[in-house]
Amino acid sequence: MKKETLKQLVQRGVMVGDIAEIVKWLQEPYFPDLQLAECVEAVEAVLNKREVQHAVLTGIALDMLTEQKLVPQPLAGIIEEDQGLYGIDEVLAMGITNVYGTIGITSFGYLDKMKTGIIGRLHNGKEGRVNTFLDDLVAAIAAAAAAKIAHNS
Amino acid sequence: MKKETLKQLVQRGVMVGDIAEIVKWLQEPYFPDLQLAECVEAVEAVLNKREVQHAVLTGIALDMLTEQKLVPQPLAGIIEEDQGLYGIDEVLAMGITNVYGTIGITSFGYLDKMKTGIIGRLHNGKEGRVNTFLDDLVAAIAAAAAAKIAHNS
Amino acid sequence: MKKETLKQLVQRGVMVGDIAEIVKWLQEPYFPDLQLAECVEAVEAVLNKREVQHAVLTGIALDMLTEQKLVPQPLAGIIEEDQGLYGIDEVLAMGITNVYGTIGITSFGYLDKMKTGIIGRLHNGKEGRVNTFLDDLVAAIAAAAAAKIAHNS
Amino acid sequence: MKKETLKQLVQRGVMVGDIAEIVKWLQEPYFPDLQLAECVEAVEAVLNKREVQHAVLTGIALDMLTEQKLVPQPLAGIIEEDQGLYGIDEVLAMGITNVYGTIGITSFGYLDKMKTGIIGRLHNGKEGRVNTFLDDLVAAIAAAAAAKIAHNS
């Protein structure tokens, strides 16, 4: 299932390297010698977790089904607009954020607000594209990977 | 949106009264004089919350899209079987459980295990029916309503 | 720090074997061949996690400081009575429950209600003893260990 | 108990107005006409919740008991240093952050990282002062109040 998860992320425009760069940006102030390769490794470790795979597959499915106009109203409209009050994308992301402990929550909130790197590019996507869940999933994976690096160091 | 939420619950076979009965069963040991009408009121109050409506609409959409074979594999198979290791239904339900404080978590877990009333009927649904999300949503609404009653008493 | 965590659990009357027995009771219906030794191993794995150690040390400290009349009012009274509406013990326990994914939440809620084994003995402790946090911590450790067994099988 | 909660916040150097200013800073980009008085009102509404009062009283007790050298080792050392890996302060804060829905999580993480206003002053407190829990509690109250304003507007 990890292979399928990676494939779907790539199809939605997200490479492991994109997420690893966010991890590096997050953790560099604390670990100046941190290598991108270590960040890639941490992202891979996060993506090895079944709970994470389930969250990613579910969120991407909701984004895609909304794009394909298969989600019923009023939910479709709410997801399309990524309404500030729709918190289910954050709820799903929290399942990922916690896999290496609660310290991931802080980074998740920070990334969600700063829209760093690929997260911002997803958030301001092309017309017709729905990334309501994906931007939060990527922020959550990066936050969890950063927590893993903090725990190991 | 509340009207739409209630409509979709009814279409999936869940009446407010079914949920209120679970609330009464849960809280009767502590409040022997508890009336079903008060339980109905507490369930209605839970369903007034936008966060709850979002969770219910999202979960029911996932159940229905899975039934209609519109969810891509391998996710569809995982949801269909309500695999014990798929925790996204519980994650979604947690967003509801917490609206009246963390004391709802205990009742949620208990209901999820006991499959009381309508929860059990949903769980052992007809062939072709997918209620992977709905059973947890109902348990979560009942648990939140029970927490509301406990807080008010 | 794990050694210290185990020591404090023992001093408060909780042995790893007590928790393992709850895990066995929880998982036996699904895995009839489950050995107590595997349950002990799963409990040990949970207790190896720093996040778990922090939660256990913090909860036991709050119980002990309350017993020693060092916690200021009105908090001391609330903790002493283990008021149904005080949910901070559950909040702390949730940090543990999630270390092997959200499927631990269900078992946690179930154990919290059923008061199985040592959990019930802690809950109905001796006069002057405060186990407001400890009973939830033990339920959470058992729930997380059960989730680990489910994930591995 | 609200009176007691406010009193303890003031004794630890936190005024409602300090928290309201953070709320204003957070929400001003979205609501340019937002008045400080509305933010004060939202903070007061958060502090009316029993779950919030419990979290604040528990966190402040842990800070104060650590200052007074009454918390046993190794926990006291961990709390004193506000170790990056100790996540129990964030766990406690999450109980507050969620009272107006999961959208509070994003602001909480952001504040925890930016150390805005009083949060930064608490974090870099005087020698001998322990605010390990308090800075996260204040960030969580501000995040919940901001969520309340977003929901009402």
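Should a chain be cited, it is by its letter among A, B, C and D, assigned in written order, with residues numbered from 1 in that chain.
Methods note: a contact is a pair of C-beta atoms (placed from the backbone, for glycine too) under 8 Å apart; a residue touches a chain by one contact, two chains touch by 3 or more.
Note that this is a predicted model, so its numbers are computed, not measured.
> Quick check: superposing chain B onto chain C on C-alpha atoms, how many degrees is the rotation, to the nearest 5?
So the copies are related by a turn of 180 degrees.
> So how far apart, in whole Å, are chain A and chain B when each is placed at the average of its C-alpha atoms?
Comparing mean C-alpha positions, chain B is 27 Å from chain A.
> Centre to centre, by mean C-alpha position, how many angstrom separate chain B and chain D?
31
> Can you pull out the residues of chain D that are in contact with at least two other chains?
50-51, 85, 87-88, 91, 94-95, 101-102, 151
> Connecting every touching chain pair, does the picture come out as line, ring, star, complete or other?
Topology of the interface graph: complete, with all chain pairs in contact.
> So in the complex, the part of chain D that touches chain B is made up of which residues?
49-51, 95, 98-99, 101-102, 151
> Can you name the residues of chain C that touch chain B in the complex?
Those in contact with chain B are residues 30, 84-85, 87, 90-91, 94, 101-103, 105-114, 150-151.
> Note which residues of chain A are touching chain B in the complex, please.
Checking each residue of chain A against chain B gives 1, 4, 50-51, 54-55, 57-58, 61-62, 64-65, 70-72, 74-75, 78, 85-88, 91-92, 94-95.
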